[in-house]
Structures are given as structure tokens and as C-alpha cells.
């Protein structure tokens, strides 16, 4: 199975672990991640305003590159996934946007949202299958109680992201089970950690982070996994009351598959 | 009441504020509620009534975490988050009105801060 | 050549202000065949009708055109007037110059021109009209009620009272429906079972009423007055004639995995069960999905303990064929599935319950025998939060766009009952609007607030989480402009109502129309609210739209009155605008038969005399009592042998010609 | 071949399977064969060769109503029409004994003439060659080059229905062309070009009714165009509109029932490609409602007498683009 | 020249609307009682069901000088006769496609599903259709010249 891969800028710098372990694990699972030859930063936030065109172009370029190769586009960072998936949705459904973007890009054949965007977790669930992962695990993380933190960007708005049940998701818990550990469901796993304001409103970010971590601890979690570099940083740096290890889910996957 | 600005915000956001039935689920949902002067349901009501200046001057628009929980749970598909983004844009698209300036970055910089945080802050808070 | 009279109505100023009625009168005076033309202020009035009648007599009119409001409004009026003057009513045509002309156009010149054209089209049609005589069909004096809830029971009782036979078909093993599950009823707080069970018994003991419980409608054929229905009586594996309802088997049954439907899954029941103590009929039913004997051949304990020897594992479904004159849809409602509302934690937290589950938790015959306990730990709850409009008034696609109508009142009831029984509790109600139209309804709600101290909060819950065994209910208080986080022991969700899923399939069997929410459509929203547009189908209870018990019972009785009105007739007058087949042109190809939705066309071998050639041909024949006059057959017939009386090919072509002239 | 058939038919008549035969006989010229009914003693006139083009199924409407049983010689493509007529209860199946005859594609006399061959006296088929006797001597032509257009899109050599099939031992004829090629070409033209094309063709119509009379689907006892009460009755085309109208309605009346036997175009004395109208309906039915071959399945309901709840909307005509 | 005179000379298209009695005719009535205007160009013929509309009627209208023909019926699934509009949908799809194939402007024909409650839809549909036909101009391709004045 070959997929085009869009790593995004954070995965090349501060979140190299997220990327590295994803690649190693993919190899074991028989998935080839072909990094797009030229990609640009997606902008990290989806431009919601209907008159924002330029800020969506880098996402369309990535989508178009995958389309040329005839491959699905694999994402890993939650922010990149959110931006690219939503821009793709616009390209499928918003005729005005379609026209403007294509006028701007002057492609040989207009891009109208043909590429399928797949998050690494979706790939594990839908293309590889958690059962298959279970078979490949050599180092099951037995007895580890792990809380999944979904955050916002993978789940909402659910009619576009189509990732999982936005209020009661299960993909990360299923993932945790597949690597032999025990998932701990926390009520705040889909509530915002305040990552966007971590630079300028530290107090608010800390408050949200403390709520998430304390609730995870109450439920007996020993560690929290995430797919988002910003959540990772925020949950780690801005917790004031308690500390819990915050880990990228790919790192645990690599560990379980014995390639860490 | 600034009709032009109101129209601009409605157009940018694609939100029809008249769909709001004032149930308050957005405000019941909002994780940043306590830090806000105006709350999500008020954003909708204020744009609807044209009381936009107050919104633009309020810190509340910068407090919104863009977590889309209000969008997800609104029973009338009003999408308050889109509206707030449009108000933010209406502010930073003005001359010299960037909420975050490049020169402010270094003092905020932390060793572990991911690029994503800086990029998104720039995208969200400056033009 | 017809002698046609044309009558132009001013409709006060409704028509006359935009259409120059004098000019119309002048213009059509010279149309071929028109021997009389007049205009009058209100044609539908006594005097206006007299004008028509007199003209028919005086000028020997053979056709009448009335230029007035929509034929949907007064066609029947004018036809009746013509009939009284001795003219066949189907020689009257209406030109709609109000709804289709004066009301929508502003320019008087243009509107007048259009009115003249519409009048000409009607005149052209009348030229080709032929007197039509309505046929008659008999009425089977028996009614079928589909659904045995309070709506169906009440309708059946009233029909039986008038002396007609009624059958109730109920898909579950007992009649009683949702009302049987309720604890108390608003606004009087009498116990639901106390007022419902006597009615259930009445239905059982009334010799005009036959109950088909654990049965479903399999197919429906026929038409008003003459429906042929087959009913599937599902196998209960219990001989109902022998079963005494002693309940011995239900207590001995070792299978305890099935969720009790009656108790909303809050407790389990045996594979052989009687839904509840007052069930009618009071007989046991075996659920083959859970019965150990049916699955493995072992067990058979019920058979051993049954002293009446009523258990019959070999029982088969039985099909009953019955004829009816009228059918009542009383298929009722359910609460919506809450999968799309996981922010309230319904699937996660056992202490988050729906209002119907709450009824069972409060009910003396419920799983907790009437003591309100938290399902999670069976402790007494101290703080309860009620959330209204869960899935109602929701246009996002997750819920229903309509107001479920009953939730405001039952929530007030719940809150009041809790506070009354357990004064140590705090009760919060999140509401968007409190809607209490109804006799003594608002007073009831105010009592909850003023007398019982229920905290009503204008706002909505955004999220329910948990901490240390408590539910944290986060919601908005719009009046205080605050976000609240209430530590609660239980959360009760007033989930939206929706029509029972069987409604759609039953409606399509009945060829009765249904709206986008699967509620049955009325023949007229205001003036014919208990009838379906399909003749002979009547609507009772929630199947037609959300309503509470008082309203359901009144509608049920209204529905019964309509049914009785129909069954009291010996004959029905058919719509004479039906298809007819020209036997000389019919090829016998069967295409018309294939498109007829009513099965009104059959084929016969008949000797015809085609211009001197006598031969036996296969030709189409229309059953005029069954044909509803849609015209599907007329277009599918290549030879033009099929035509529709009243809307014949020639008539419509004449209208086209007149309009395009 | 003719001999093989005669032998089989004689046998069937002798053992009283039937009492007469519906087949072909030579017309005024050897190449314009016409349908005819033969008694046992008349079998000498029975012919079967490349010019046995007429689709005999329509004649069974009348023939099967008569006393006794008739043998019908049906080419594979005629059996579709036969089935369609059975579905429509037009033929009394009990009175017909169907003998399937193999077909290698009919020959087009005009195509032979276009090859510059004049003064034709007779044509003999020998394998893949035609031996043509003319007043100027013997000429030969490859059979394949002068096949009737409709046979280039042959539906296949299978008989859809037959009580008995005569095997020839010769290789089966196969379709050589895409039957929707011309329809697609027309669809790809601009609206004005199409209009011009059809005006050019339909303006040639002399309303001789040959297309109608030969068509096995157009078998109404009385045609609407002959019926004074129908308001569309006409003996001749008064203007452009009536030329259009006649052919649109005729195609519509047979839509979903037309087996694409191509008789209409074959008999049109003006050479109007009438089958292109029918094929348009067939193509649309195939695309919109799924592939359907009238007469292939006797249990089928027919595309215009059934529906799907999620059928395409009429706006598809606008939406699917084109010029 | 006054404005009024000028508009009089303007091309006035003729549109024939076949409306089923139960939904679309009632929808037109509702448009009327809601005073929702549409051009006088539209003339309505009442038929019991959209399935009563014979292709002959459509052609006849064009023959006699109509510039546009619209057929309106109950929404699929809501037919008063349960299935009439499904048959109409197939017939009209094929007929319109054939007219398009013959080079007749495809914008001249239309089918809409308009319920008895959709007065607004009735009026907007008729406005739109009238506008389209107005822009297309006179129907010259499918018309009986003898019917010219």
C-alpha cells in the first residue's frame, strides 16, 4: 500500500518523534509513505472566512500533487489534517472557491477535491485494521493505562472531518487496545486544551490543561497520548497541578511493534 | 449600527444569524466561557443586531479557542465560531491592527514551542 | 354545439380590483358556443348561485364556466348549484382567475388578458365535456385500527359504541402502548395505569372489538369501503386459548438476557414473558431469540410448569384475511435514538436517562418499585437535572425540526413529582422556551416553580462529564449570563418524539401520504385533520403529529366519528372521473395494467364488432369503483384506447389550443 | 440453407406439428423478398438467403389468431420482437411453432450497386463470397462489404425463443460496430447542428407509413395518427412540425418496447435513419435505468412501466452538459 | 414614448404549465393566496396527476406557439396516487432528452416537484422559468407555421 504523505513543518522540527515513529511503524505494517516532493506549510489554521483564497492554496497544491500520483494523501499532524481535509471539502462542494482557486493555480486539469485525505489513525483503522496491528505487536504494552486525548481538530466539525463520533470517539481507544494497553476514557478527551492561546493567554491555557490532566488522573491514567504537536506541547508545558507523561501515539506504536 | 460591516461579517462567515433560536447551547458548551466578556450566544445576537463595534473592541474575540464545539453542537447549524473568526478578521484587516506583531514573538518564544503554535498564532492574529 | 353560460365573479375586490371583469365578460361573449355571460360580486353567494341556476333554465345551458377562485375552493359548490338546476354537475368548469391571476398580477391590463385566456381554456374544455354519472360501491361495515395504544383503543371503543365491528392490530404482545408505561399524567397527576387499564379491559370485553395482538398488517388491497387486509398473527408459541396468564412460566424461565421492552431495558425479562401485570390479553409470549429450547432444543421448563398445557413450540405464524370499510392509522411514536447526542453522555453514563426511562424509574411497577434510585449505584439521587429539547427543534440534521410538544409538560410533571416525593432533592430544568398551551397547563408549570421550587434555567446544556462519581452538567444560564457547572446525580433528557418506524411502510401499503418527518399527512391541515388524503384512511394520535394524551383522546374520538360517518353509509358515490378503455382501439398489451397503482385494470376476452368484423379480443377493463383517476394508464397506452373521463386527451388538448391561440 | 429449412419444415408439416409455414418468398425482384404463408404443397417458393430480411414476427399477430398451428421461421433478431409481442399478449403462442433459423447478416442491394455492379440477375452466396451474375458477366464480392447497416450491430446469433433451431454449421455472424456510435456523434454536436441534421433528414419524410407498417412494436389495431378522434390524425405532413411530431411520437410509443430490429430504416424509401431515434431512447434508457434489451427477457417489466424511487430527474438532460 | 408603451412592445413569452391537482396546482393556489407574483406569461392547466401529461400535450403546446412547457407534480414519494410522478419522471426525462437530441433548446422544457405547501417554490420556479424563456426568445424550431398570426 502506497500513500502520499504530507508531514507538515512541525514534524520536521519540534515534532520529529511523531514523524519518525510513524514511518518506522508504517514500514512494519507494510505501508509505504511517499513524502510529497514539494510541500508547503498548510498554515496550521483553517481559514474559515469565505473570502480567504490565498491561505488555502498550499493545501490545494498538496492535494493536487497526490491526485497526480493517483494516491490518497496521508496526514499525521492534527492541524495539517484539519486544514487539508476542510480545504478539500471546500474544493468538493464550494463552486465559488473551486473556480477562484483553479483560476489562480492554472492547473492543466482543474482540481475539484478528487484526492482522499487519510489521517494516520484512519489509515490504521480502515486500511491496515487494528486486528492486523494486534498480530504484529511484539512488545505489547500490557497493563499500561493510557488516556487518549483527541483535542478538537481531528473531530470537529464532524460533518466535514468524518473522523469518528465527535462526542464519543473510539478510534484512539481501539488503537490503545490494539497495542495491548488499557484505554482510560476521560470526559475531557475531546475538549479543547487551549493550544491556540498558549502563547498569549497562558492563564487560560493552564486552566484548560489542568482540567484535562486532573480528570485523566482521577480516572487512573498513567499517560496521555495525542496526535497533535500543539496539544503535546500545551499539555506538557502548561500543566501546573499535576504532571503526566504526554506521548505521541506513534511512539507507542513503534514501541509495541518493536521498532523504537 | 454599521450595516456595511454587518453585511461584510455575515458574508465572510457565511453565517445566517437569523437561524439562531437563542437556546444558549453554544454558551453552555464553550470551554473559554469564563474568560469572556461576551459569550458565544451574544456574539450571534450582537452581530444580528449590528452591535459589532463593541465586539471588535472586546478581548472575547481573542479568547475564543476555535475549538468548534459550538459549531458541532448547535441545533440550528448557526456556526458561531465562523462568526467570531469573521469579527477577528474585521479587526486585523484594518491598518496596523494586528493582534500579534512579529516583534512580540521572541519574548514569547519558548524552547519547546512547536512551529505550529507560531504559525497558527500568526494566521489567526495578524494579516 | 354546447350552449355555454359564463359567470365571472368579482370576489368583492379580490378579483375585480386587478381584473377588469366587464372586459372579460365582453371578450368571451362572442366565443363560439357562449350564449350567456354575466358577472357578479360573489358568485358563490346564494344570489350568485341563483344567477347560474336561472340562466341554466332560461337559456337552456348545456355547459357552465365559472371564472372565480380556485376549483379546489368552490368547484363543488358550483357543481351542486348546476345539479340543482337540472344540469349534470360535470358540465361545470372553473377558470381560476383569482389564485392564478388577480392575486398574483399587478398590471390590470395584463391580468385581464390572462383572465380572458383562462376563461377561453375553460370554455374550450366545456365544449368537450360529457355528462358523467357517478357509480356506487358498497361499504364493508367493519373498521381496522392499526395500533393499540390509547389512540387506537379510544377510536376502537367509540366505533364499537356506534355498533360497528372493529379490529385492532397491535404489533407488541399487549395493547396499551406508551401510555401503559407512564407513571402519572399531567395536568391532573392521576396515575396512567388507573385510567388506561379500564379502557384496555373495555376493549377486550367489547364483543364488537377483536384484538389482534402480536400481529402486523401484511398487505392492503382495495379502496375506501372495500379494503382487503391480510394480518400476520405472529407465533407466540403459546396457545392463547389455553393460557391463563398465571405467570408461572415467566418466573421459572431460566433465560434472563432479554431486556424488558416495557421497562425500557432497565431490567431483564424471561424469554417467555407477559409484558406487565395488566397486559391485555393476559397471556405469555415466547421470544424465540432468547428461548433456550427454541435455540438448542433443551430446557423446555415452561412446558413442564404450565398446568394449562398452553406451550406450543411448533406454533406457526397465521395469516388472517379480513375486509374493512375504513382503516385507522394509530401507529404512535417512539423517542428518538440519542446516538447523535453523546455530548449529554447518554451512552456512557447510566445515570443519564431518557424521560420515558425516568417514568419507569418513578413507577411503582417499574424496576425500582417506585423508589427513585440512581441506576449506576442504586443510591438516592439528591440533585437532578432535566434537559429539554434534546433533538427537538433541531435543524442540524441530528434531531427533528419540530417541537415535540409534550416535553415541557411532562418535564414539569417529573420535576414536581420528584420534589413532592423527595423534598431533600434539588431539581434543575434547562429550557429554551417553556411551552404550555392547554387547559390548566401553564398553571401546572407555575406550580412546579412556585410551589415546588423547581429551578428553571433558561439555557441549554452543552456537555455532561463526570467527576468523582458525580455528573458535571455544564450549561448556560442566559438570564444570568453565566455558565453553570452543576454537580448532579441524575440527568433526564427530554428526547424528541418521532413516529413509529412502522408508519412509513404501513402508509405505503395504504397509499396514504406521509410527510418528511414520517408523520401522516392530513387531508387538510385545518379542516380535515383526522383524515388522510387517501379516502377511507383516518388518523389517530401521534401518527399524525406530536400530541399529549388529552389531545390524542379527542383526536381519537374525532377520528372514530369520521369512521362511523363512513360506515353508516350503505353506498359510496365514486368519483366519475375515471379511466375508460375504448374496446375497439385496445390492443390488449397490458401496459396500462402494469402502471395502475390500484390494480383497477383487468383484462377480459370479449367479442367485439370492429366495423363489421366480429372477433374475440383481449381488452382492458376498468373497475370504476377502484380507479382513482390518476391517468397513468392513458399515457402508457400507445393506441390511445385509454382515456380519462373529465380530463380526456381531447379536453386537455383543447385547453392547450385555447391557451396558445 | 433453403433446402435444409424446407426439409425440416416438410417433416414438421408431415408429422402434423403444424399445418402451414410463415416464411419468405421472392418478390418482384429476387432481392426484395416478402413474407408469405405456405401450405405443404407450396414449399417450392420458400426461400431463405441474405435477402430474407423482413422480420416475420409482426405477421404472427394475425396469423396466430387463425385456426391451426403455424411454423414461424425466425432469425435470431426476429425472436426479440416475437418475445416482446408475446409479453404484450399480441401473439397466441399456442398457435405458433418457432423454428429458429441461423443468420449471417442480411445483404444490402444498394451497397452492392454502390460497388459499381450493374445489371444484376442473381446472387449466390458461397462461404464468405458473393457470386453475382450480371448481364455483363460474373462478378464476386466479399460478403462482409455489403452487409446491411443494421446487421453491423448484430445482437448475436442466439435465438431468444424457439421450439427448434436449425444449425447451419457456418460460423456465427458477429457485431462489427458500436450501435450507439452515431447517436453519440449526434449528441456531441451543437444543438443547432443537431437541429439542422434532423431537419435535413425528417424533411424527406413523405409519410408513406412504411416505417410504421413494418415495425413490430407499432402494431396498434388503430394508430393514433389514423384516428380522427385523436386530434393528431394526418394523412400527410402539413409542415415541419408534423414531420417532427410524427416521428417523435412514433419513437416514444415504441420506447422501451423497440427491440432495435432496424426494420424502420431498412424500409424507408427516403433513406431516413429512423433507427437513430429509437436508439436514442434505448441509449438513454440504458444509461438512466440500467441496460435493457426489449424482448430478451419475457419476465421483464419494461422501463416505462416501472420505476425506481431514486431515478434521475428530468433535469439530467440539462445537467449532463453537452452542447 | 412612455415607459408603459415601451414594455408593451417587449417580447412576451407564452408558457404552459401542467400542474397536478393535488400538489402543484394547490401550490399555485398557495402562491396566489400568499400574493407571490410571477409573470402572466404562465398559464396553468390542471391535470389530476403529472402522469396524465402525454408527450402529445407538450408537443401540441409547442406546435401552437408555446415558448416553454413546464410540468409540475408532487415530490417523488408524495404522489397522491403513490406512483404517478415516478412514471411521469421517466417519461419526461426521455421526452426532454429526445427533444434535445432533435436540436430543440433543452431549456424550454422543465419538470419541477412542488408540494401544496410550497407556494414560494411555485412562484420562484415560475419566475425563473419565465426568465429563462424570456432570455431564450421565441420558440421557432418546434412550431406550426400555420399557427402564426
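Order as written gives the chain letters A, B, C, D and E; numbering starts at 1 within each chain.
Just so it is clear, a contact is a pair of C-beta atoms (placed from the backbone, for glycine too) under 8 Å apart; a residue touches a chain by one contact, two chains touch by 3 or more.
In this text the structure is predicted, and so the values were computed from the model without any measurement.
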Touching both chain D and chain E (chains): C
Target chain E, source chain C, minimum contact steps: 1
Geometric centre: closest chain by C-alpha means: C
Distance-maximising chain from chain D - centres being C-alpha averages: B
Chain pair with more C-beta contacts, A-C versus B-C: B-C
Separation of chain C from chain D, taking each centre as the mean of its C-alpha atoms, in whole Å: 52
Chain A and chain C, separation of their C-alpha mean positions in angstrom: 48
Rounded Å distance between chain A and chain B, as computed from the means of their C-alpha atoms: 24
Chain C residues counted as touching two or more neighbouring chains: 343, 397, 463, 595, 636, 649, 653
Interface hub residues of chain A, defined as touching at least two other chains: 166-167, 191
For chain E, residues that touch 2 or more chains besides their own: 55-56, 60, 83, 87, 91
Chain-to-chain touches, reported pairwise for every pair that qualifies: A-B, A-C, B-C, C-D, C-E, D-E
Of chain C, residues touching chain A in the complex: 339, 341-343, 345, 347-348, 397, 463, 465-468, 472
Interfacial residue positions of chain C with respect to chain B in the complex: 343, 389, 393-399, 430, 432, 458-463, 474-478, 481, 483
In the complex with chain D, residue positions of chain E that touch it: 55-56, 59-60, 62-63, 76-77, 83, 86-87, 89-107, 109-111, 141-146
Sites on chain C touched by chain D in the complex: 584-591, 594-595, 603, 610, 615, 618, 636, 638-640, 649-650, 653
For the chain A and chain C complex, residues of the former touching the latter: 159, 165-168, 185, 187-188, 191, 215, 218
